[in-house]
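I'd like to ask some things about the structure below.
Going in written order, the chains are labelled A, B, C, D, E and F, and every chain counts its residues from 1.
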Amino acid sequence: MTDLPAAELVLVPGGTLLTATPEEGRALAMTLARHTIHNIQPDLDKLMEGRPVYSSDPDSLIAASHVVAVEFQTIAAANDYWRG
Amino acid sequence: MTDLPAAELVLVPGGTLLTATPEEGRALAMTLARHTIHNIQPDLDKLMEGRPVYSSDPDSLIAASHVVAVEFQTIAAANDYWRG
Amino acid sequence: MTDLPAAELVLVPGGTLLTATPEEGRALAMTLARHTIHNIQPDLDKLMEGRPVYSSDPDSLIAASHVVAVEFQTIAAANDYWRG
Amino acid sequence: MTDLPAAELVLVPGGTLLTATPEEGRALAMTLARHTIHNIQPDLDKLMEGRPVYSSDPDSLIAASHVVAVEFQTIAAANDYWRG
Amino acid sequence: MTDLPAAELVLVPGGTLLTATPEEGRALAMTLARHTIHNIQPDLDKLMEGRPVYSSDPDSLIAASHVVAVEFQTIAAANDYWRG
Amino acid sequence: MTDLPAAELVLVPGGTLLTATPEEGRALAMTLARHTIHNIQPDLDKLMEGRPVYSSDPDSLIAASHVVAVEFQTIAAANDYWRG
(Lines give C-alpha, C1' and ligand atoms only; values in the text may rest on other atoms or scores of the structure.)
Protein backbone atom coordinates (compact mmCIF):
# COMPACT_ATOMS: atom_id res chain seq x y z
CA MET A 1 0.00 0.00 0.00
CA THR A 2 1.26 3.44 -1.01
CA ASP A 3 -0.43 6.33 0.78
CA LEU A 4 -1.61 9.25 -1.28
CA PRO A 5 0.07 12.55 -0.31
CA ALA A 6 -1.99 14.41 2.30
CA ALA A 7 -2.88 17.19 -0.17
CA GLU A 8 -4.78 14.67 -2.25
CA LEU A 9 -7.10 13.98 0.68
CA VAL A 10 -8.20 17.56 1.31
CA LEU A 11 -11.88 17.51 0.37
CA VAL A 12 -12.13 21.13 -0.79
CA PRO A 13 -8.66 22.30 -1.84
CA GLY A 14 -8.46 26.07 -1.36
CA GLY A 15 -11.26 25.89 1.20
CA THR A 16 -13.85 27.71 -0.89
CA LEU A 17 -16.34 27.06 -3.70
CA LEU A 18 -15.79 30.55 -5.09
CA THR A 19 -13.64 30.81 -8.20
CA ALA A 20 -12.74 33.67 -10.50
CA THR A 21 -13.93 31.99 -13.70
CA PRO A 22 -16.12 29.14 -14.98
CA GLU A 23 -12.95 27.42 -16.17
CA GLU A 24 -11.58 27.38 -12.62
CA GLY A 25 -14.98 26.31 -11.30
CA ARG A 26 -14.97 23.41 -13.66
CA ALA A 27 -11.47 22.39 -12.62
CA LEU A 28 -12.61 22.53 -8.98
CA ALA A 29 -15.55 20.26 -9.84
CA MET A 30 -13.12 17.70 -11.22
CA THR A 31 -10.93 18.02 -8.14
CA LEU A 32 -13.83 17.60 -5.71
CA ALA A 33 -14.93 14.43 -7.46
CA ARG A 34 -11.41 13.03 -7.52
CA HIS A 35 -10.71 13.82 -3.88
CA THR A 36 -13.90 12.10 -2.75
CA ILE A 37 -12.55 8.98 -4.36
CA HIS A 38 -9.16 9.51 -2.71
CA ASN A 39 -10.88 9.59 0.65
CA ILE A 40 -12.75 6.38 -0.01
CA GLN A 41 -9.69 4.65 -1.44
CA PRO A 42 -6.50 6.30 -0.18
CA ASP A 43 -4.18 3.57 -1.49
CA LEU A 44 -2.43 4.97 -4.55
CA ASP A 45 -1.61 1.49 -5.85
CA LYS A 46 -5.28 0.52 -6.00
CA LEU A 47 -6.13 3.80 -7.73
CA MET A 48 -3.38 3.31 -10.30
CA GLU A 49 -4.60 -0.22 -10.95
CA GLY A 50 -8.11 1.06 -11.65
CA ARG A 51 -7.12 3.92 -13.91
CA PRO A 52 -6.46 1.99 -17.16
CA VAL A 53 -9.74 0.15 -16.59
CA TYR A 54 -12.11 3.09 -16.26
CA SER A 55 -10.24 5.47 -18.53
CA SER A 56 -10.66 3.20 -21.53
CA ASP A 57 -14.25 2.17 -20.81
CA PRO A 58 -16.75 4.59 -22.36
CA ASP A 59 -19.42 3.82 -19.75
CA SER A 60 -17.03 4.59 -16.91
CA LEU A 61 -16.01 7.82 -18.60
CA ILE A 62 -19.65 8.81 -18.99
CA ALA A 63 -20.32 7.97 -15.33
CA ALA A 64 -17.31 10.03 -14.23
CA SER A 65 -18.40 12.99 -16.35
CA HIS A 66 -21.84 12.74 -14.71
CA VAL A 67 -20.32 13.24 -11.27
CA VAL A 68 -18.38 16.27 -12.50
CA ALA A 69 -21.63 17.71 -13.90
CA VAL A 70 -23.29 17.38 -10.49
CA GLU A 71 -20.37 18.93 -8.63
CA PHE A 72 -20.33 21.76 -11.13
CA GLN A 73 -24.02 22.52 -10.50
CA THR A 74 -23.12 23.29 -6.89
CA ILE A 75 -20.06 25.35 -7.74
CA ALA A 76 -21.84 27.30 -10.48
CA ALA A 77 -24.70 28.14 -8.09
CA ALA A 78 -22.18 29.20 -5.42
CA ASN A 79 -20.65 31.62 -7.90
CA ASP A 80 -24.04 32.89 -9.08
CA TYR A 81 -23.05 31.47 -12.46
CA TRP A 82 -20.26 34.05 -12.82
CA ARG A 83 -22.93 36.41 -14.17
CA GLY A 84 -21.68 39.59 -12.53
CA MET B 1 -23.73 -10.68 12.81
CA THR B 2 -21.86 -7.80 14.47
CA ASP B 3 -23.95 -4.74 15.16
CA LEU B 4 -22.57 -1.36 14.21
CA PRO B 5 -22.12 0.99 17.19
CA ALA B 6 -25.23 3.16 17.68
CA ALA B 7 -23.35 6.32 16.68
CA GLU B 8 -22.89 4.90 13.20
CA LEU B 9 -26.65 4.75 12.75
CA VAL B 10 -27.40 8.39 13.53
CA LEU B 11 -28.60 9.76 10.20
CA VAL B 12 -27.38 13.34 10.68
CA PRO B 13 -24.52 13.32 13.20
CA GLY B 14 -24.42 16.69 14.94
CA GLY B 15 -28.08 17.23 14.11
CA THR B 16 -27.54 20.07 11.68
CA LEU B 17 -26.60 20.67 8.04
CA LEU B 18 -24.77 23.87 8.95
CA THR B 19 -20.99 23.70 9.04
CA ALA B 20 -18.29 26.30 9.51
CA THR B 21 -16.42 25.53 6.28
CA PRO B 22 -16.82 23.81 2.91
CA GLU B 23 -14.30 21.21 4.07
CA GLU B 24 -16.54 20.29 7.02
CA GLY B 25 -19.58 20.36 4.74
CA ARG B 26 -17.90 17.93 2.42
CA ALA B 27 -17.00 15.63 5.32
CA LEU B 28 -20.63 15.74 6.44
CA ALA B 29 -21.74 14.77 2.90
CA MET B 30 -19.57 11.69 3.10
CA THR B 31 -20.91 10.86 6.55
CA LEU B 32 -24.54 11.22 5.49
CA ALA B 33 -24.00 8.88 2.57
CA ARG B 34 -22.21 6.32 4.73
CA HIS B 35 -24.79 6.42 7.50
CA THR B 36 -27.63 5.82 5.04
CA ILE B 37 -25.88 2.62 4.09
CA HIS B 38 -25.38 1.72 7.75
CA ASN B 39 -29.12 2.04 8.28
CA ILE B 40 -29.91 -0.21 5.33
CA GLN B 41 -27.23 -2.73 6.29
CA PRO B 42 -26.42 -2.49 10.01
CA ASP B 43 -24.35 -5.69 10.09
CA LEU B 44 -20.71 -4.68 10.29
CA ASP B 45 -19.54 -8.04 8.97
CA LYS B 46 -21.48 -7.62 5.74
CA LEU B 47 -20.16 -4.09 5.34
CA MET B 48 -16.57 -5.22 5.90
CA GLU B 49 -17.05 -7.98 3.35
CA GLY B 50 -18.21 -5.47 0.74
CA ARG B 51 -15.52 -2.90 1.31
CA PRO B 52 -12.63 -4.57 -0.61
CA VAL B 53 -15.06 -5.16 -3.48
CA TYR B 54 -16.32 -1.64 -4.05
CA SER B 55 -13.16 0.17 -2.99
CA SER B 56 -11.12 -1.46 -5.73
CA ASP B 57 -13.74 -1.21 -8.46
CA PRO B 58 -13.53 2.09 -10.33
CA ASP B 59 -17.22 2.02 -11.25
CA SER B 60 -18.24 1.57 -7.63
CA LEU B 61 -15.94 4.39 -6.59
CA ILE B 62 -17.47 6.65 -9.23
CA ALA B 63 -20.97 5.70 -8.06
CA ALA B 64 -20.07 6.41 -4.45
CA SER B 65 -18.58 9.78 -5.35
CA HIS B 66 -21.82 10.58 -7.20
CA VAL B 67 -23.82 10.12 -4.01
CA VAL B 68 -21.45 12.39 -2.10
CA ALA B 69 -21.87 15.03 -4.81
CA VAL B 70 -25.65 14.93 -4.39
CA GLU B 71 -25.48 15.12 -0.59
CA PHE B 72 -23.06 18.03 -0.90
CA GLN B 73 -25.51 19.95 -3.10
CA THR B 74 -27.96 19.94 -0.21
CA ILE B 75 -25.38 20.87 2.42
CA ALA B 76 -23.86 23.62 0.28
CA ALA B 77 -27.30 25.15 -0.31
CA ALA B 78 -28.07 24.92 3.41
CA ASN B 79 -24.92 26.91 4.12
CA ASP B 80 -25.62 29.42 1.35
CA TYR B 81 -22.41 28.13 -0.19
CA TRP B 82 -20.34 29.59 2.67
CA ARG B 83 -20.40 32.87 0.76
CA GLY B 84 -20.78 35.20 3.71
CA MET C 1 -48.29 -13.61 -2.31
CA THR C 2 -48.37 -11.80 1.04
CA ASP C 3 -49.77 -8.29 0.91
CA LEU C 4 -47.87 -5.55 2.66
CA PRO C 5 -49.87 -3.85 5.44
CA ALA C 6 -51.72 -0.79 4.09
CA ALA C 7 -49.57 1.59 6.15
CA GLU C 8 -46.55 0.51 4.11
CA LEU C 9 -48.20 1.76 0.95
CA VAL C 10 -48.88 5.32 2.10
CA LEU C 11 -46.61 7.39 -0.10
CA VAL C 12 -45.98 10.22 2.36
CA PRO C 13 -46.55 8.90 5.89
CA GLY C 14 -47.62 11.81 8.11
CA GLY C 15 -48.82 13.71 5.05
CA THR C 16 -46.21 16.42 5.18
CA LEU C 17 -42.59 17.06 4.16
CA LEU C 18 -42.05 19.27 7.21
CA THR C 19 -40.11 17.76 10.09
CA ALA C 20 -38.78 19.15 13.33
CA THR C 21 -35.15 18.16 12.76
CA PRO C 22 -32.72 17.08 10.03
CA GLU C 23 -32.61 13.64 11.65
CA GLU C 24 -36.37 13.25 11.18
CA GLY C 25 -36.10 14.65 7.67
CA ARG C 26 -33.50 12.07 6.84
CA ALA C 27 -35.68 9.28 8.25
CA LEU C 28 -38.55 10.55 6.12
CA ALA C 29 -36.30 10.44 3.04
CA MET C 30 -35.61 6.78 3.70
CA THR C 31 -39.30 6.10 4.21
CA LEU C 32 -40.33 7.85 0.99
CA ALA C 33 -37.84 5.80 -0.99
CA ARG C 34 -38.94 2.56 0.62
CA HIS C 35 -42.64 3.25 0.15
CA THR C 36 -42.18 3.98 -3.54
CA ILE C 37 -40.77 0.51 -3.87
CA HIS C 38 -43.66 -0.93 -1.85
CA ASN C 39 -46.07 0.63 -4.31
CA ILE C 40 -44.27 -0.84 -7.30
CA GLN C 41 -43.88 -4.24 -5.66
CA PRO C 42 -46.53 -4.72 -2.94
CA ASP C 43 -45.81 -8.43 -2.47
CA LEU C 44 -43.94 -8.82 0.79
CA ASP C 45 -42.54 -12.21 -0.25
CA LYS C 46 -40.84 -10.75 -3.30
CA LEU C 47 -39.45 -7.91 -1.23
CA MET C 48 -38.10 -10.31 1.40
CA GLU C 49 -36.49 -12.40 -1.33
CA GLY C 50 -34.70 -9.35 -2.71
CA ARG C 51 -33.45 -8.00 0.60
CA PRO C 52 -30.47 -10.35 1.16
CA VAL C 53 -29.44 -9.71 -2.45
CA TYR C 54 -29.27 -5.92 -2.43
CA SER C 55 -28.27 -5.49 1.20
CA SER C 56 -25.05 -7.41 0.71
CA ASP C 57 -24.15 -5.95 -2.68
CA PRO C 58 -22.11 -2.75 -2.33
CA ASP C 59 -23.33 -1.39 -5.66
CA SER C 60 -26.97 -1.85 -4.66
CA LEU C 61 -26.32 -0.16 -1.33
CA ILE C 62 -24.69 2.76 -3.11
CA ALA C 63 -27.64 2.99 -5.51
CA ALA C 64 -30.11 2.92 -2.62
CA SER C 65 -28.21 5.63 -0.76
CA HIS C 66 -28.31 7.73 -3.93
CA VAL C 67 -32.11 7.65 -3.93
CA VAL C 68 -32.19 8.69 -0.27
CA ALA C 69 -29.88 11.60 -1.11
CA VAL C 70 -32.28 12.80 -3.81
CA GLU C 71 -35.34 12.49 -1.56
CA PHE C 72 -33.49 14.36 1.16
CA GLN C 73 -32.75 17.27 -1.20
CA THR C 74 -36.48 17.79 -1.53
CA ILE C 75 -37.21 17.45 2.18
CA ALA C 76 -34.33 19.70 3.18
CA ALA C 77 -35.51 22.41 0.77
CA ALA C 78 -39.08 22.05 2.11
CA ASN C 79 -37.77 22.70 5.61
CA ASP C 80 -35.56 25.59 4.49
CA TYR C 81 -32.67 23.42 5.65
CA TRP C 82 -33.80 23.71 9.30
CA ARG C 83 -31.89 26.99 9.39
CA GLY C 84 -34.31 28.95 11.53
CA MET D 1 -49.15 -5.86 -30.27
CA THR D 2 -51.77 -4.51 -27.87
CA ASP D 3 -52.05 -0.74 -27.76
CA LEU D 4 -52.22 0.92 -24.38
CA PRO D 5 -55.44 2.89 -23.82
CA ALA D 6 -55.02 6.55 -24.86
CA ALA D 7 -55.31 7.75 -21.25
CA GLU D 8 -52.11 5.91 -20.42
CA LEU D 9 -50.21 8.01 -22.93
CA VAL D 10 -51.19 11.42 -21.56
CA LEU D 11 -47.89 12.79 -20.26
CA VAL D 12 -49.34 14.92 -17.45
CA PRO D 13 -52.72 13.49 -16.45
CA GLY D 14 -54.85 16.31 -15.05
CA GLY D 15 -52.75 18.84 -16.94
CA THR D 16 -51.17 20.42 -13.88
CA LEU D 17 -48.33 19.84 -11.42
CA LEU D 18 -50.36 21.35 -8.59
CA THR D 19 -51.87 18.93 -6.11
CA ALA D 20 -53.73 19.38 -2.84
CA THR D 21 -51.41 17.24 -0.75
CA PRO D 22 -47.92 15.68 -0.74
CA GLU D 23 -49.58 12.26 -1.02
CA GLU D 24 -51.25 13.28 -4.28
CA GLY D 25 -48.02 14.89 -5.43
CA ARG D 26 -46.19 11.66 -4.83
CA ALA D 27 -48.83 9.69 -6.75
CA LEU D 28 -48.45 12.13 -9.63
CA ALA D 29 -44.68 11.59 -9.59
CA MET D 30 -45.24 7.87 -10.02
CA THR D 31 -47.72 8.50 -12.82
CA LEU D 32 -45.41 10.86 -14.70
CA ALA D 33 -42.61 8.29 -14.59
CA ARG D 34 -44.88 5.50 -15.74
CA HIS D 35 -46.41 7.51 -18.58
CA THR D 36 -42.99 8.44 -19.93
CA ILE D 37 -42.32 4.76 -20.28
CA HIS D 38 -45.71 4.22 -21.92
CA ASN D 39 -44.79 6.80 -24.53
CA ILE D 40 -41.47 5.15 -25.28
CA GLN D 41 -42.99 1.66 -25.33
CA PRO D 42 -46.73 1.84 -26.05
CA ASP D 43 -47.12 -1.89 -26.60
CA LEU D 44 -48.90 -3.30 -23.55
CA ASP D 45 -47.62 -6.82 -24.27
CA LYS D 46 -44.01 -5.73 -24.07
CA LEU D 47 -44.68 -3.82 -20.87
CA MET D 48 -46.42 -6.82 -19.30
CA GLU D 49 -43.49 -9.02 -20.28
CA GLY D 50 -41.05 -6.69 -18.56
CA ARG D 51 -43.01 -6.25 -15.33
CA PRO D 52 -42.11 -9.56 -13.60
CA VAL D 53 -38.48 -8.93 -14.52
CA TYR D 54 -38.02 -5.48 -13.01
CA SER D 55 -40.48 -5.84 -10.16
CA SER D 56 -38.53 -8.71 -8.64
CA ASP D 57 -35.06 -7.29 -9.25
CA PRO D 58 -33.93 -5.09 -6.35
CA ASP D 59 -31.65 -3.01 -8.58
CA SER D 60 -34.49 -2.27 -10.99
CA LEU D 61 -36.75 -1.31 -8.11
CA ILE D 62 -34.09 1.03 -6.75
CA ALA D 63 -33.64 2.57 -10.22
CA ALA D 64 -37.40 3.05 -10.58
CA SER D 65 -37.65 4.67 -7.16
CA HIS D 66 -34.84 7.02 -8.18
CA VAL D 67 -36.88 8.29 -11.12
CA VAL D 68 -39.88 8.88 -8.85
CA ALA D 69 -37.65 10.86 -6.48
CA VAL D 70 -36.54 13.12 -9.32
CA GLU D 71 -40.11 13.67 -10.57
CA PHE D 72 -41.19 14.44 -7.03
CA GLN D 73 -38.53 17.14 -6.69
CA THR D 74 -40.20 18.99 -9.53
CA ILE D 75 -43.73 18.50 -8.23
CA ALA D 76 -42.79 19.46 -4.67
CA ALA D 77 -41.13 22.67 -5.90
CA ALA D 78 -44.19 23.45 -8.04
CA ASN D 79 -46.35 23.20 -4.94
CA ASP D 80 -43.94 25.22 -2.81
CA TYR D 81 -43.57 22.04 -0.76
CA TRP D 82 -47.19 22.30 0.43
CA ARG D 83 -45.92 24.65 3.13
CA GLY D 84 -48.77 27.10 3.11
CA MET E 1 -25.42 4.81 -43.07
CA THR E 2 -28.68 6.75 -43.33
CA ASP E 3 -28.52 10.33 -42.14
CA LEU E 4 -31.27 11.56 -39.86
CA PRO E 5 -33.26 14.47 -41.32
CA ALA E 6 -31.79 17.82 -40.23
CA ALA E 7 -34.85 18.64 -38.10
CA GLU E 8 -34.01 15.69 -35.86
CA LEU E 9 -30.67 17.26 -35.01
CA VAL E 10 -31.99 20.60 -33.78
CA LEU E 11 -31.17 20.54 -30.08
CA VAL E 12 -34.09 22.72 -28.91
CA PRO E 13 -36.87 22.50 -31.50
CA GLY E 14 -38.91 25.70 -31.34
CA GLY E 15 -35.93 27.51 -29.85
CA THR E 16 -37.48 28.07 -26.43
CA LEU E 17 -38.07 26.24 -23.15
CA LEU E 18 -41.37 28.04 -22.64
CA THR E 19 -44.52 26.05 -23.34
CA ALA E 20 -48.20 26.75 -22.86
CA THR E 21 -48.92 23.70 -20.73
CA PRO E 22 -47.21 21.02 -18.63
CA GLU E 23 -48.23 18.47 -21.27
CA GLU E 24 -46.30 20.38 -23.92
CA GLY E 25 -43.42 20.85 -21.48
CA ARG E 26 -43.28 17.14 -20.95
CA ALA E 27 -43.30 16.47 -24.69
CA LEU E 28 -40.43 18.93 -25.06
CA ALA E 29 -38.50 17.08 -22.35
CA MET E 30 -38.82 13.88 -24.35
CA THR E 31 -37.74 15.66 -27.51
CA LEU E 32 -34.69 17.24 -25.90
CA ALA E 33 -33.54 13.85 -24.62
CA ARG E 34 -34.08 12.21 -27.99
CA HIS E 35 -32.34 14.93 -29.95
CA THR E 36 -29.26 14.73 -27.72
CA ILE E 37 -29.00 11.12 -28.73
CA HIS E 38 -29.51 12.02 -32.39
CA ASN E 39 -26.56 14.37 -32.15
CA ILE E 40 -24.32 11.74 -30.61
CA GLN E 41 -25.44 9.06 -33.04
CA PRO E 42 -26.82 10.64 -36.24
CA ASP E 43 -26.97 7.37 -38.17
CA LEU E 44 -30.62 6.34 -38.39
CA ASP E 45 -29.71 2.71 -39.07
CA LYS E 46 -27.80 2.43 -35.80
CA LEU E 47 -30.66 4.07 -33.93
CA MET E 48 -33.22 1.72 -35.47
CA GLU E 49 -31.05 -1.25 -34.56
CA GLY E 50 -30.94 -0.17 -30.94
CA ARG E 51 -34.64 0.58 -30.55
CA PRO E 52 -35.95 -2.99 -30.12
CA VAL E 53 -33.18 -3.60 -27.60
CA TYR E 54 -33.81 -0.73 -25.20
CA SER E 55 -37.57 -0.53 -25.69
CA SER E 56 -38.09 -4.05 -24.41
CA ASP E 57 -35.58 -3.89 -21.58
CA PRO E 58 -37.15 -2.58 -18.37
CA ASP E 59 -33.85 -1.22 -17.08
CA SER E 60 -33.28 0.75 -20.27
CA LEU E 61 -36.81 2.12 -20.11
CA ILE E 62 -36.27 3.19 -16.51
CA ALA E 63 -32.97 4.85 -17.47
CA ALA E 64 -34.63 6.67 -20.37
CA SER E 65 -37.46 7.88 -18.14
CA HIS E 66 -34.85 9.18 -15.70
CA VAL E 67 -33.37 11.41 -18.38
CA VAL E 68 -36.81 12.76 -19.25
CA ALA E 69 -37.40 13.53 -15.56
CA VAL E 70 -34.19 15.58 -15.43
CA GLU E 71 -34.99 17.48 -18.62
CA PHE E 72 -38.47 18.18 -17.28
CA GLN E 73 -37.04 19.71 -14.09
CA THR E 74 -35.36 22.34 -16.22
CA ILE E 75 -38.40 22.99 -18.39
CA ALA E 76 -40.78 23.14 -15.44
CA ALA E 77 -38.53 25.67 -13.67
CA ALA E 78 -38.30 27.72 -16.87
CA ASN E 79 -42.09 27.92 -16.97
CA ASP E 80 -42.36 28.67 -13.24
CA TYR E 81 -44.21 25.38 -13.01
CA TRP E 82 -47.11 26.78 -15.07
CA ARG E 83 -48.46 28.20 -11.80
CA GLY E 84 -49.70 31.49 -13.16
CA MET F 1 -0.84 7.74 -27.96
CA THR F 2 -2.16 10.72 -29.92
CA ASP F 3 -2.72 13.87 -27.88
CA LEU F 4 -5.96 15.72 -28.33
CA PRO F 5 -5.51 19.31 -29.58
CA ALA F 6 -5.29 21.75 -26.65
CA ALA F 7 -8.64 23.35 -27.55
CA GLU F 8 -10.35 20.07 -26.79
CA LEU F 9 -9.11 20.23 -23.21
CA VAL F 10 -10.49 23.67 -22.36
CA LEU F 11 -13.17 22.89 -19.77
CA VAL F 12 -15.48 25.82 -20.60
CA PRO F 13 -14.83 26.89 -24.18
CA GLY F 14 -15.71 30.58 -24.52
CA GLY F 15 -15.19 31.03 -20.79
CA THR F 16 -18.83 31.71 -19.95
CA LEU F 17 -22.07 29.84 -19.29
CA LEU F 18 -24.09 32.63 -20.90
CA THR F 19 -25.40 31.99 -24.40
CA ALA F 20 -27.71 33.90 -26.69
CA THR F 21 -30.20 31.08 -27.21
CA PRO F 22 -31.33 27.76 -25.74
CA GLU F 23 -29.92 26.06 -28.84
CA GLU F 24 -26.46 27.43 -28.09
CA GLY F 25 -26.90 26.57 -24.42
CA ARG F 26 -27.66 23.02 -25.35
CA ALA F 27 -24.62 22.82 -27.62
CA LEU F 28 -22.50 24.13 -24.74
CA ALA F 29 -23.93 21.42 -22.47
CA MET F 30 -22.76 18.80 -24.94
CA THR F 31 -19.35 20.42 -25.17
CA LEU F 32 -18.89 20.61 -21.40
CA ALA F 33 -19.70 16.92 -21.06
CA ARG F 34 -17.34 15.97 -23.87
CA HIS F 35 -14.48 18.08 -22.60
CA THR F 36 -14.72 16.56 -19.13
CA ILE F 37 -14.10 13.23 -20.77
CA HIS F 38 -11.22 14.66 -22.79
CA ASN F 39 -9.60 15.77 -19.57
CA ILE F 40 -9.96 12.35 -17.98
CA GLN F 41 -8.79 10.55 -21.11
CA PRO F 42 -6.71 12.85 -23.31
CA ASP F 43 -5.50 10.11 -25.63
CA LEU F 44 -7.38 10.48 -28.89
CA ASP F 45 -6.70 6.87 -29.87
CA LYS F 46 -8.44 5.55 -26.77
CA LEU F 47 -11.38 7.87 -27.36
CA MET F 48 -11.70 6.78 -30.98
CA GLU F 49 -11.60 3.14 -29.91
CA GLY F 50 -14.48 3.71 -27.49
CA ARG F 51 -16.70 5.68 -29.84
CA PRO F 52 -18.13 2.78 -31.91
CA VAL F 53 -18.81 0.94 -28.65
CA TYR F 54 -20.87 3.54 -26.83
CA SER F 55 -22.45 5.13 -29.88
CA SER F 56 -24.16 1.91 -30.87
CA ASP F 57 -25.17 0.83 -27.35
CA PRO F 58 -28.57 2.25 -26.37
CA ASP F 59 -27.73 2.20 -22.66
CA SER F 60 -24.55 4.18 -23.23
CA LEU F 61 -26.45 6.68 -25.36
CA ILE F 62 -29.06 7.08 -22.63
CA ALA F 63 -26.31 7.55 -20.03
CA ALA F 64 -24.59 10.16 -22.19
CA SER F 65 -27.84 12.04 -22.74
CA HIS F 66 -28.35 12.03 -18.96
CA VAL F 67 -25.08 13.89 -18.46
CA VAL F 68 -26.06 16.46 -21.08
CA ALA F 69 -29.39 16.96 -19.26
CA VAL F 70 -27.56 17.70 -16.01
CA GLU F 71 -25.12 20.11 -17.65
CA PHE F 72 -28.04 21.85 -19.33
CA GLN F 73 -29.78 22.40 -15.99
CA THR F 74 -26.82 24.49 -14.90
CA ILE F 75 -26.57 26.41 -18.15
CA ALA F 76 -30.31 27.07 -18.34
CA ALA F 77 -30.32 28.41 -14.76
CA ALA F 78 -27.30 30.60 -15.57
CA ASN F 79 -29.24 32.12 -18.46
CA ASP F 80 -32.41 32.51 -16.39
CA TYR F 81 -33.95 30.10 -18.87
CA TRP F 82 -33.65 32.65 -21.70
CA ARG F 83 -36.97 34.08 -20.46
CA GLY F 84 -36.15 37.73 -20.97
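Operating definition for what follows: a residue touches a chain if its C-beta (ideal position, glycine included) is under 8 Å from a C-beta of that chain, and two chains touch if they have at least 3 such contacts.
Since the structure is predicted, the reported quantities are computational estimates derived from the model, not experimental observations.
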Same or different residue numbers at the chain A/chain F copy interface, by half rule: different
Computed distance of Cα centres, chain B from chain A, in Å: 17
Whole-Å gap between the CA centroids of chain B and chain E: 33
Chain E: positions in contact with at least two other chains: 59, 63-64, 66, 70, 73, 77
Chain contact graph, described as a line, ring, star, complete graph or other shape: ring
For the chain C and chain D complex, residues of the former touching the latter: 10-12, 15-18, 32-33, 36-37, 39-41, 46, 49-51, 53-54, 59-60, 63-64, 66-67, 70-71, 73-74, 77-78
Touch list for chain C against partner chain B, complex: 21-23, 25-27, 30, 55-59, 61-66, 68-70, 72-73, 76-77, 81-83
